[in-house]
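For reference, the structures are reproduced in the following blocks.
One chain, chain A, appears in both complexes that follow, with chain B as partner in the first and chain C in the second.
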Partner chain A sequence: MLNMIINIAKEFSPFPAGRFLTDGPYSGEKFREEFLIPNIERHEELLINLDGVMGFGSSFLEEAFGGLVRRLDNSSVVFKKIKFISNEDPFLIDEINSYMEGAKG
Partner chain B sequence: MKITDFSRREYLRRASLREMRKREKSNSKAIAKREQRSGFFEIKCPRTLRLTAVDARKKVISFVDSIHRHVDKGRKRLWIDFSGLEKVYAEGMIFVYAEISRLNNVKKLDVRSTPPKDKVVRQVFNKIGFSKLIKCSIKRTPESNRDDVATWFCASGEEVEGEKCKNILEKYQGHIATSLSRDLFTGMTEAMTNARQHAYIKERGDNLIHTDYYKPWWMFSQEINGKLKVVFCDLGLGIPNTLPISHPGFFKSLLRQLGKDLTDSRAIEEAVTITRSRTEQSHRGKGLSQIVATIDNSEESDIIILSNKGSYRLAKGGDVRLFDFSTSIKGTIVCWQVSLPDSFTSAKAA
Partner chain C sequence: MPDIWVLINDPENAGFLRLFASATTWILILGGWFVVNSHNNDREKRKELRASLDLLKVDILAITQKAVSFHVNSYYSSYEAMQIVSNIKSINRSINRLHVSDAYKLDIQPQSNKFKQRISLVNFDSSSFCPQVYDSPVVMGIIKSSEDYIDSLETMFSDHLNSFWRRYFKYLLSLLGFYWCYF
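So, the complex of A and B:
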């Protein structure tokens, strides 16, 4: 399958926050379950656009991306397929990568 | 001579009638006031709502305790007299707002009140919606347009709702650095997440039992002296009480090391520095350090965390000040204060 671009601000929410589904309407777990998991198997590459969002808390990012690594049996797929765009905050990608690396265990 | 006597008598008679009517009127006013308040238990608010000064804090906490004592005795009809209130600070106001709002929510109280005589404080009550909560009708006056009234904003909730930060932050977009705006959003939403996941893990110990899913938070913002102040409050266990639950091993070693010196303020400081969470999973529990990191992107900024008896203050440059009060707020209040650029304040003035 072809590549897919997910624009968090437009397709999910410009105000993502919280870790678990029970925390609130736009949590990291919700993003992972509804956007990342269904698409990662079906596409060669997932390009996540992080721009246009008001900000990201560590709880959201860790649960969405670190949680994705913990959730999948073959975590190397995540590192191979997921790519990011972040023109507004260049340090954000490093932060997400550190959560993904930390989740490898 | 007779005529003079007559007019004097007549004058005296009329004066006495006037006096009688005046007294009757004032009596009827007092009776109406008494009748209006009959069946209500009266509590008087102190002159200043402030939590960072020793004496003022004692009075605020004693005031809130007296409300709790009435509620503990099963009294639901309370009359709060705010007439003597002259000055409100954001952290003191949010504390009183949060306490009354929570008690009202859980116990379904009938709270009435006498409004403050101070015209500015009256308008602040209106601006943050407090007058509605305490059922006190306050008319809008020109004071509502003053900067120290019009810039107050209030939000509250029980979930992590990033959208509620929008109303506070969108006004400053284009005026403050994007990185600062993002950091403030992160700080506020992480505070909501902390309230949701950590603050209410056990009962608070104030005889007020409520459902497990009631995890309220309150947030105020205010512009003051060229700075944006954002205040976040939860009425949970407080950081010094969640630390032994979230990090039992770490807490035990701290206790061994510090003994009685492990005060509430020291516990807050330690909680800020550790990154491991209460589940002992290394990926959780970074929220508090992110809440504090907000000030990294703003000059002349600081953050104060008040939790139970402790006060932790971090200024830009890493200067940490700890202080312990004798009275506890039984909860946590985070105050961010960031400087607004001259361009923003001068644009407003123009």
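So, the complex of A and C:
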């Protein structure tokens, strides 16, 4: 399949919180392991819709997206394949990009 | 070249001159109305922006207080954590709705992200939570970033007011319109 859209609020949780699995049922680690890693390998482009959730803690975003860059051997694939939609929060995409850049090392 | 005084005194041109004088009066009336109306609109927009920024400042200070209280608490509260991220998102949405150009909003983005990171990147999850003291780097970082955030909003307001193009571009356009109508 070429593209996939992941709507976090609908497909994961409208209340994502926590960094690790031990922090809660909807943590950044869980999102990365169950949604990001399986889909990034199968699709050409991953469009992630960030709207509709109550809010993202920075630790959730860092673990999900920064952690994704750390986990994959070829981190440039992440930057190429992942795109974001955020109409509600204008600063979110920049924040996520900063975590991904920071994780690149 | 005919002498201008000969043209003005020629009775055949009287009709044209009356029309010219009356058109000048109307253009001055409409031009004056346009300038006064623009100033009034600007003043009202400035007041609206000032009121929105004052509300944002109150919200930022409230979140700062909530975040400090969260980090110095002796126990971890997932409810408070969720409330804080929700309030931060609400502030960002309010900034998104401000009637200023995107360039000004981009200017405050680094301070906004730093504020959020200071609150919710470290010591924000149950697995890593450790009660802080008031002079800890976590708490001091939150207070500092909140002050920087408020300062960046004030800078945005001041830059917006002093923007040369925003203030004078419409007058330049009206002058061009006047020139186009008249000649």
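As a convention for this text, the second predicted complex is superposed on the first by the 105 of 105 C-alpha atoms of A that agree within 3 Å, B and C clash if a C-alpha of one lies under 4 Å from a C-alpha of the other, contacts with A are read in each partner's own complex, and residues count from 1 in each chain.
Keep in mind that, in the parts below, a residue touches a chain if its C-beta (ideal position, glycine included) is under 8 Å from a C-beta of that chain, and two chains touch if they have at least 3 such contacts.
Since the model is a prediction, treat every value here as computed from it, not as a measurement.
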item	value
Chain C versus chain B on the shared chain A, clash or fit after superposition	clash
Which superposed partner A:59 touches (first chain B, second chain C, both, neither)	both
Which of chain B and chain C A:95 touches, first, second, both or neither	second
First, second, both or neither for A:25, with chain B first and chain C second	first
Partner chain(s) touched by A:15 [first = chain B, second = chain C, both, neither]	both
Contacts of A:103 with chain B and chain C, given as first, second, both or neither	first
Clash-bearing segment of chain B relative to chain C, given 127-135, 235-243 or 253-261	235-243
On chain A, positions contacted by chain B and by chain C	15, 17-20, 22-24, 27, 54-59, 62, 88-89
Residue ranges of chain A in contact with chain B within the complex	13, 15-20, 22-27, 54-60, 62, 66, 88-89, 99, 102-103
Interface residues, chain B side, partner chain A - complex	159-163, 165-166, 169, 178-179, 181-186, 189-190, 192-193, 196-197, 282-284, 286-287, 290
Chain C contact footprint on chain A (complex, rising order)	15, 17-20, 22-24, 27, 54-59, 62, 88-92, 94-95, 98
Interfacial residue positions of chain C with respect to chain A in the complex	78, 81-82, 85-89, 92-93, 95-96, 105, 109, 112-113, 116-117, 119-122, 124-128
